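Both complexes below contain chain A, partnered by chain B and then by chain C.
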Partner chain A sequence: MPGAGEPEERGDFAGIVPEPVLGPFRRSVAWLDDRTGFTGLLHNALYEAVPKQGGWAYTLGSATLVVILVQFFTGIFLLLDYVPSPTEAYQSLLYLRTNDFFGDWIRGIHLWGAYVLMLLIGIHALRTFISASYKAPRELNWISGVMLFFLVLALAITGAMLPWDQASYWTAVVVTNIPHYLPVIGNGIRALWRGGNFVGPVTLTRTFALHVWVLPALLLGLIGAHLYLLRRHGEFGSWVNYETTTDNPEKEIAERIRHAEPPYPARGSQPKYAVPRETVDFFPDQVFKDTVVSLGLVVLIFVMAVLSGAPLDGPANPATLTYVPTPEWFYLPLDQLLVFFPTALIGFGVFVIVGIGATLMLALPFIDRNPERHPIRRPDVLVPAFFLIFTVIYLAMLGVNRLYNL
Partner chain B sequence: MQLILTLNPTSIPGTVLTNTVAVGMVALLHVLFATFLIGSCTLVALSELISMVTHDERHERLARSLVHAWGYVFSTGAAIAIFFVVFILVGLWGRFFVTFQQFTFWVWFFEALTFVGEIVLLYVLYANWERMRRYRMARLGMVLLLNIDQWFQMFLIDVIASQMLTPTVQGATVNMGYVLQFLNPTNLPLTIHRTVGNIAWAGALVAFTAAFQYLRVTRRQEARALVPGRREPVRALGAMPEGELVRERNREAAYWDWAGQWGMLFAFGLTIVQIWVGYSYAKEIQLHSLDSWYQMMYGWISNIFLAQFAGLGLIFIFGVAYFWQRLKAAGQYVTARRHQIALILLILLWLFGIQPAWFAGSYPDIVAAHLAKPFWDGGLEDPLGFFFPWKVMVLIADMLIALYAVTSYVRARVRTPMTMGQATRGSQRLLISLAVMVGLMMLIMGIIRESSRSPYLVNQNIVINHQVILQQPAPNIPLSQRPIGP
Partner chain C sequence: MSQRNISRRQFMVRATGAMAGLITAMLSVPAVGFLLSPLWQATQELWVTVQGGPIDDIPENLPTARIAAVPLGFGPSTPPVNRVVYVVKTGGQLYAFCNICSHMQCDVHWEPSLDLFECPCHGGLYAMTGRNVGGPPPQPLSQWVHRTYQDAMGHTYLQVANRLVEQI
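The block that comes next holds the complex of A and B.
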């Protein structure tokens, strides 16, 4: 509270109290700050408390965001050359590869960025799952994260259909055919996506629209929501951040809550998990770790893009009888799962099994209501989850093996 | 296909038959030793790591006991392996073995190298386990190295086994390249199947030994209870005062109760995975070696396959019955009741699942006799016994119930700590039954896989009868020029 006679707002005395003399740059910053209040926002963004222990494990979210930004920027560069038409798409990428000096690198970065993004989101989700960070009050953080994962998967598959080479054409044939396994509305959705009964020019333009506009817009909205929720409840960290070290844990927890720095104590949380034992400022401690990991990944993506590039098959040929389409590696588990289903039950495999899996992922915070956070004390979710994770990894391995034995 | 029709098992001359029995018996015997070694090596690494982190003496003791057992198990298993190669493979199946080794030479060579590595690491650990206690990280490091060595050894022998069942290039006997041999269609599922199976088998043997010891220890306690004041013979635990003797026995009972449960969790938990992995293995065989798959599912081996199916169900029944008994003994009646319901469901599923689709020895015989129709129409078929969809549904239900049972048991254990040493003797007999069934499953699986190639030793390449080679070896292409891709 301001003392007696002290001004509540500096602005109240504008024109009465002389302004300090500033240089032109600082004056510009002050003017901008006066109009927008951005330094306050920046201060809030940088100087929030985050758990001290295990900071390297909490870099995965920031790294994911950085790789998504890389995807946005490389995507914009690709848009400068790419033409979404069956007659031009392949040629435009060929031009990009042969005539644009960095074109092939940019495409390689976009492809390897997508691959790294898949892995990152998977590891980020696994870390969040094992540390039980999805529990109250962070249920919506988890749900928005899962939806982001689904969106990235959708972006990846629509992106794979755009080059209009053999691989992408046959991917389009297979993927746009999937909805027809849905009863009643399946054929309608397929026709809507394809723009008719067959894959053609309309399919490409509609997929292009999905890839560059609809899905990114949803992605940005969800990223915003995810970050807002993260800032509202603070980074949970993991169980190690909440261990008590004294003989009187209740008193220790009460002390922590009393001295908590924003955004802690987390609203709606159990007292034990409301405030981490030790915290540091997001800047510079956590920002440094985030930067190291993100930079490392960007370098990895760049190196892979230069060394391996992005493949481009021959131009799409709907009349071919010999081409065997193979899915991207992140769809191998699903593809391999469908191998085990009789033809009549493929729809069941695609929608019911995958639907159950997606629902379980989304509903996890409401299924696992055990207040414990330590993984050893949560076997009721850990045991089935590791069974599922084993199944997914094993299916992927079988899928790779199958590609060598086609 | 003509060969299959003319060289059915009944027309194999006596010498081939006796040789087949010999190779089967010795190989299966060797497998029981070797798989335990590999699986237990992983259990030792795990227990050693846990004891280092938590200072749990039970894990330390278990790791020590297993390492001590290695000396006997390895020497016996290795002697059988040497006998197998020298007398059975070279002596009885020489033509096949030499031909096969020509195009899998380097696989065998590295297999032999891993054997050397195994001898070095295993005997050093065996002889110096106690002395190395001061250097636990180094000891753990050596155990991990031994794990790598042994799992690689298993992987290599899987290359051989899967190559015999589903050669990478059908009809091409030799020189398809080693990379393609490694990537042959069934190598991966077989490797995962065996990886999981070996750990389950090691866990089952731990459970078996622990249950046996628990019964031994508690039998004496029961005898004491029956005859009050009777003095126990003290030779088993040394000359101890009676009170100390009782305390020691209680400690022993607690340890064996815990060890049995620990081993059982691996035996039971990993068998759940085996349903899924085994199904994928069978699918790959169907896709790449249809004749063998047909023999397994519809030929004379289908009866053995049904026995395996029944055995699998029994493992789950024994396991859940153990959970039920153990929870009841610990006073967790609500969870025990849930396991009781799960047990009833498993028994009903088992009864449903073990119905054979037919009762004759050979499906073609039934077809020839026009009896391939439901039994209520005068035929021999029982449509409820078909693998699709009934047995598949039973397997899925078994898997889900077993997953629920093990999860629920572990949760109960975590939330309310159990006092060890309170297990009933009946629950220990269930552990022994479960372990025996796991061992039998290993044997039956081996018989099924190795018999499914008949009349071939290497599918489409070498015929079992007189070890006839169907093709001449192709010219020897240098390794560097061999194809490495599909």
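The block that comes next holds the complex of A and C.
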């Protein structure tokens, strides 16, 4: 929509161009717009070109954002009651359960929101991976996304430690113990996190500070960067958006670049992948699809929260002889690795394997320099990656089998 | 005499950098110190008597779980936390094991069917003497720092301190 978003400079010509007579509401909006320029911002935000085909596949990022906002929203309510002290944390959640209207729903939404978020980020990353959206110029979009994934994992594990029931106490013991397998600095990190040699009140307050302030602040900053980069380079989409339909592909691509709407053509991209064949405005076409998917997921979270809720074990008891600590499902592959690496190799198993995995994920755009975007023509990357993904799933299944004897 | 001139602009750039550095340094000293303080905090050694009465009637070669309300000895004051003390009498020795697994610190228990201590998390196994004999544990079971005393009636009681013989 060229022209429609140009800021109007009518104020400079007052007296020459007659001002339209506006009602009080419109006058207030006009005043606010004059002082803030918000309609221009809104216009830029909504009328951005996005690829036309495959829009349903591109709803995963906005759905992730919506679920993260749900986590912020419900988290604030949990903060109103929760007391981060070993002697009171569990009591405060019992109080929330029995005294607050919908207290269980709020906790349930926060828990199921976390589960859905974990799956959603996985699918979002998988979609981006299969469609090779991480290639130039979008390497940093991918890297910021991987860092967001790590942050969400850290939020999940610190959040699991807060209720101070049996499950969360033993999670705290095992998780804060892991750093001590690092050479040289390991014992120090464990002592700093725990506040001493044993898990105690300082462990809880430090984990609480990480979960409700440090990690969310980092998350918001990184989300900002992720979205800024998305808008700078434009949504890549996938190979279906770049197929040529005429018998003169070079001319067709040149035409596309000539008529591209911002943010296309993508800077630093090969000409073939610089501009999607057809684009639509982000609003309402993409926003509609995004909203349908987000609504579906929020309904799913809500239904699971109401039906299944958030469990609360017995209160933390360090003197138990019968409790079997089990990790949250998304940490099962790591837990299974711990079984496989006995004695001297524990540090290797935990840090080298996980470190290699994290480095591979972060460095993917620089490892895969093949210009091809179609998944069929990228077996060199897709086959090993799917082998790794199935290995992780297989490890999780082994863990389920070991812990639950299925 | 050569005079080095710096422009007004250069002066402002350098002075701004220096002032920002000063602000950072001033905030860093207390921040880093605060963050690292647990590394230098001494744990106050506190002794408690193991609950459940005298340990005279604990049989040979049968690890018996007793509870001790152990104060942490660090951090803001909190009530003592119940901990397990596995009292083992074997080969003329008295052991007071902490039931924390040396692998990932899960709760170890005595498994009579195996005649071993077993960890539910990753299958770690320990002999009656605490030696790690199976699974991933890298070290033996650690003992509470402990001592015994006899009352006027001749009963033997076990006391433990709030730290382990060997940090795991």
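FYI, the second predicted complex is superposed on the first by the 390 of 406 C-alpha atoms of A that agree within 3 Å, B and C clash if a C-alpha of one lies under 4 Å from a C-alpha of the other, contacts with A are read in each partner's own complex, and residues count from 1 in each chain.
Following the convention adopted for this analysis, a residue touches a chain if its C-beta (ideal position, glycine included) is under 8 Å from a C-beta of that chain, and two chains touch if they have at least 3 such contacts.
Being a predicted model, the structure only gives us computed values, none of them experimental.
In the superposition on chain A, contact of A:397 is made with chain B only, not with chain C.
Of the two partner chains, chain B is the only one touched by A:383; chain C is not.
In the superposition on chain A, A:174 makes contact with chain C only, while chain B stays out of contact range. Once the two complexes are laid over each other on the shared chain, residue contacts for A:342 go to chain B and to chain C alike. By the touch criterion defined above, A:198 reaches chain C but does not reach chain B.
Taking chain A as the reference chain, the count of touched residues is higher for C when chain B and chain C are set side by side.
Of the two partner chains, chain B is the only one that A:405 touches; chain C does not reach it.
Taken together, the two structures place residues 339, 342 of chain A in contact with chain B in one case and with chain C in the other. Contacts from chain A toward chain C in the complex involve residues 85-87, 170, 173-174, 177-178, 187-188, 191-192, 194-198, 200-202, 317-325, 335, 338-339, 341-344, 346. Residues 339-340, 342, 376-377, 379-380, 383-384, 387, 390-391, 394, 397-398, 401-406 of chain A touch chain B in their complex.
Taken in their complex, chain C has these residues touching chain A: 35-36, 38-39, 41, 43, 65, 67, 72-76, 78-79, 81-84, 99, 103-107, 109, 120-123, 135-138, 163-164, 167. By the touch rule above, chain B contacts chain A in their complex via residues 168, 180, 183-185, 187-189, 192, 269, 272-273, 276-277, 279-280, 283-284, 288, 388, 403, 406-408, 410-411, 414-415, 485-486.
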